[in-house]
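One structure below.
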Amino acid sequence: MADSFTPLDRDGMAARAARDIPEGWVVNLGIGIPTEVGNFIPDDREVILHSENGVIGAGPAPAPGQVNPYLVNAGTQPITLRIGAGYVHHADSFAIARGGHLDLTVLGAFEVSETGDLANWARAAHEPVKQIGGAMDLAIGAKRLWVIMEHTTKDGAPRLRRRCSYPLTAKGAVKRVYTNLAVLDVTPGGFVVRDIIPGLSFEGLQARTEARLSRE
Amino acid sequence: MIDKFVRSAAEALDGVPDGATVLLAGFGDVGMPMALLEGLIEQGAKDLVLVCNSGGRDGSPVARLLTLGRVRKLVCTFIRAASDAGRLLLAGKLEVEVIPQGTLAERLRAAGAGIPAFYTPTAADTVLAEGREVRDIGGRRCLLEYPLPGDVALIDAWQADRWGNLTYRDTQRNFNPVMAMAAPLTVVQTRHVVELGAIPPEQVITSGIFVNRVLHVPG
Amino acid sequence: MIDKFVRSAAEALDGVPDGATVLLAGFGDVGMPMALLEGLIEQGAKDLVLVCNSGGRDGSPVARLLTLGRVRKLVCTFIRAASDAGRLLLAGKLEVEVIPQGTLAERLRAAGAGIPAFYTPTAADTVLAEGREVRDIGGRRCLLEYPLPGDVALIDAWQADRWGNLTYRDTQRNFNPVMAMAAPLTVVQTRHVVELGAIPPEQVITSGIFVNRVLHVPG
Amino acid sequence: MADSFTPLDRDGMAARAARDIPEGWVVNLGIGIPTEVGNFIPDDREVILHSENGVIGAGPAPAPGQVNPYLVNAGTQPITLRIGAGYVHHADSFAIARGGHLDLTVLGAFEVSETGDLANWARAAHEPVKQIGGAMDLAIGAKRLWVIMEHTTKDGAPRLRRRCSYPLTAKGAVKRVYTNLAVLDVTPGGFVVRDIIPGLSFEGLQARTEARLSRE
């Protein structure tokens, strides 16, 4: 009996994660889908977005024609500021990340292991062209690390793994994963499914996952 | 809506447990949150570890906290024999650890910045290095130092908004921004309350993300 | 009278020797001192070590400095294969060291703050730790990191006075205050020149004591 | 043949040191006589005074009735600001000291050795009551460390020593000593006398000094 379901699109994944972010949290949103999470936090819910380049209190993208060329986020995209925002320099900004002052960091990933290992910066351990950025600092420092990613690769290969096949960004750091198919917590017993999209069975989700899944 | 203002010193100090490590900002009386310190005396927590630049002048709230026997250990950068703190120390009633001021500031900074240890040449050639880990780096003797986190930080500010964004006036700044980052519970007394947004973003010195409670203490 | 203003990019970059380590602030184009970078291209120094957040977008002055073959080694936090920097690297024409952004910022800070070495958990569980000193601190693997000082720092400011006191606008700040402290020769380009005293003391972000030369580059 | 001379008083020592501080230097003046050096730097010579509690650009003491209770120096005495001054927090202030950004630090001392060792914080190594303050950080960090002190103790015991008898503040750090009798540089060959007060002979100075002195 085949499952009949529609995977979440990027907006759907971002919106699903945004639902779980309470007022008052200090949050760093990584580049890609994580950045879009910001678009789904209602204006009246005061969540303070941190950006590695020294913004505490980032706001949404500016209206066309309203771009301030001095104000960008960690992806160097133009942003606005929330009322109440402040700036720090790069070392202080990473003191925030490394020092445990972020309630939450949301990053993209290639793979997450059942022990919470994160791989999101390189396809091979020793390729010369590296894109590290701030991910390693963010991953080790946050009180909670969530990942947003497609449940499988375009070719259908699973990204929720027993062990990561790609080089690690950080070990045992991921607490929760939002995919286009499900929400899963990383627990001492491995991945626990918190939520599955309508029409997809637990067995159907397991079939698309390398790691062993548990029900809540 | 985020609103970190509390209505009383009692509310500000609520829950500080016995045995807590208290980071107390200030240099002399300047930048020292006197109302919060009075509140801590009222609140009753004991067996405290107090981290503060000095043991305080006699009759000051710091000295009072010490003479009330509420502090088990004082970490500071200097102490005079002819002072309340000095007399308690010499009478064997107070444990005292005296460390260099720059090392104190940097250990607090390391606690806030998530640096698990660092080396410094400060004091490496002195008796303070006895029995401790020393390493030659670039031909220079260096001491290994560890972070000095608090359980609670008591902070004195000039302006604060409801997110806890802070400014300081003149040398009121001193240890305040460093200690504000170095404890999971950061309690502020502020001379002035301002609307959110009244402090221009370039002029926020301590971000509200480091602050938990703010008490308005005018004048 | 202290007066750090210079009249031209040539004067600003005078004396930067071949082989110098150049700290170049900026995050993308924001906060990057473009006129000084053009000046460095004109000035002719080669065999440089360039420390900069990234290899720069194609066609940018950073990419131009690289493609002119003036940089021996690039220290950065990311580099794309499909970029001038990436192509030079893959062609074996550029040495590149890619390090985590927080570690870059902290190594620069350590250089400015006189910290001879520090530990960080960042990257300790990754391939970047291979062959390097790792230490368990409080149950956590940590990597030993050393300062990253420059011979010259190129800085982009919003306002400057004749002492070299600086402010920054919005995220222009980024690496600028950290790099300004990390080199014995700190050269600034500023959008605005202000009278000494025009920047209130609480609002000085980079003190003039870290600055050697200032070039006015309006607009 | 006895020398006939008048030792410098505190002001005289402070003024003598002030003469040697050129415009543009960033200088930390320690507690005691060193603080008074600031009184002898002419207003039109721009010397930037750093104070450990976060002042860059300290000015002289305020006129009576003009005291700003929020503005003190490292000795917690009321001060004023120079135009062009700025503030930093304590960790940044000691980054300035430790990081080599001070052209000069001037400290008081109990003793200085011929190798430049400084002893200025304790009379005995393990006395419980310690007054360390910022001296150890200042001593190891400055580009130049000068000391101002009486040439001998009140009892006539020499303070310019072969080796310090008191616990060290820093090793090999002192570059120059201003006493009430002379100005001496610390060189690889020991103390070299640069200046003696009128009426005191080189031999007379040597007689009041434990370390061996050289002439320039």
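A few remarks follow.
Should a chain be cited, it is by its letter among A, B, C and D, assigned in written order, with residues numbered from 1 in that chain.
Keep this in mind: a contact is a pair of C-beta atoms (placed from the backbone, for glycine too) under 8 Å apart; a residue touches a chain by one contact, two chains touch by 3 or more.
Keep in mind it's a predicted model, so treat the numbers as computed, not measured.
Chains touching both chain A and chain C: B.
Ranking C-D and B-D by contacting C-beta pairs places B-D first.
With centres set at the average Cα position, the gap from chain C to chain D is 35 Å. Distance between chain B and chain D, defined via averaged C-alpha coordinates, is recorded as 29 Å.
Centroid to centroid, with C-alpha atoms defining each point, chain A and chain D lie 55 Å apart.
One simple way to say how far apart two chains are is to compare their mean CA positions; for chain B and chain C this gives 33 Å. Annotation for chain B: residues 106, 109, 113-115, 120-121, 168-170, 173, 201-202, 205 touch two or more other chains.
Among the residues of chain D, those touching two or more other chains are numbered 81, 87-88, 91, 94, 97-98, 141.
If the chains shown are joined wherever they touch, the resulting network has some other arrangement, not a path, ring, star or complete graph.
Pairs of chains meeting the touch criterion: A-B, A-C, B-C, B-D, C-D. Every residue of chain D that touches chain C in the complex is listed here, in rising order: 23-24, 26, 46, 48, 50, 56-57, 81, 83-88, 91, 94-101, 141.
Per the touch definition, chain A reaches chain C in the complex via residues 51-55, 68-72, 76, 81, 87-91, 93-94, 97-98, 125-126, 128-138, 140-141, 167-171.
Those residues of chain C lying in contact with chain D across their complex are 1-2, 109, 111-115, 161, 163, 165, 181, 196-197, 199, 201-202, 204, 207-210. Those residues of chain B whose C-beta lies close enough to touch chain C in the complex are 106, 110, 113-121, 135, 137-138, 140, 142, 146, 167-170, 173, 201-203, 205. Per the touch definition, chain C reaches chain A in the complex via residues 27-31, 77-81, 86, 89-90, 96, 98-103, 105-106, 108-109, 120-128, 168-178, 205.
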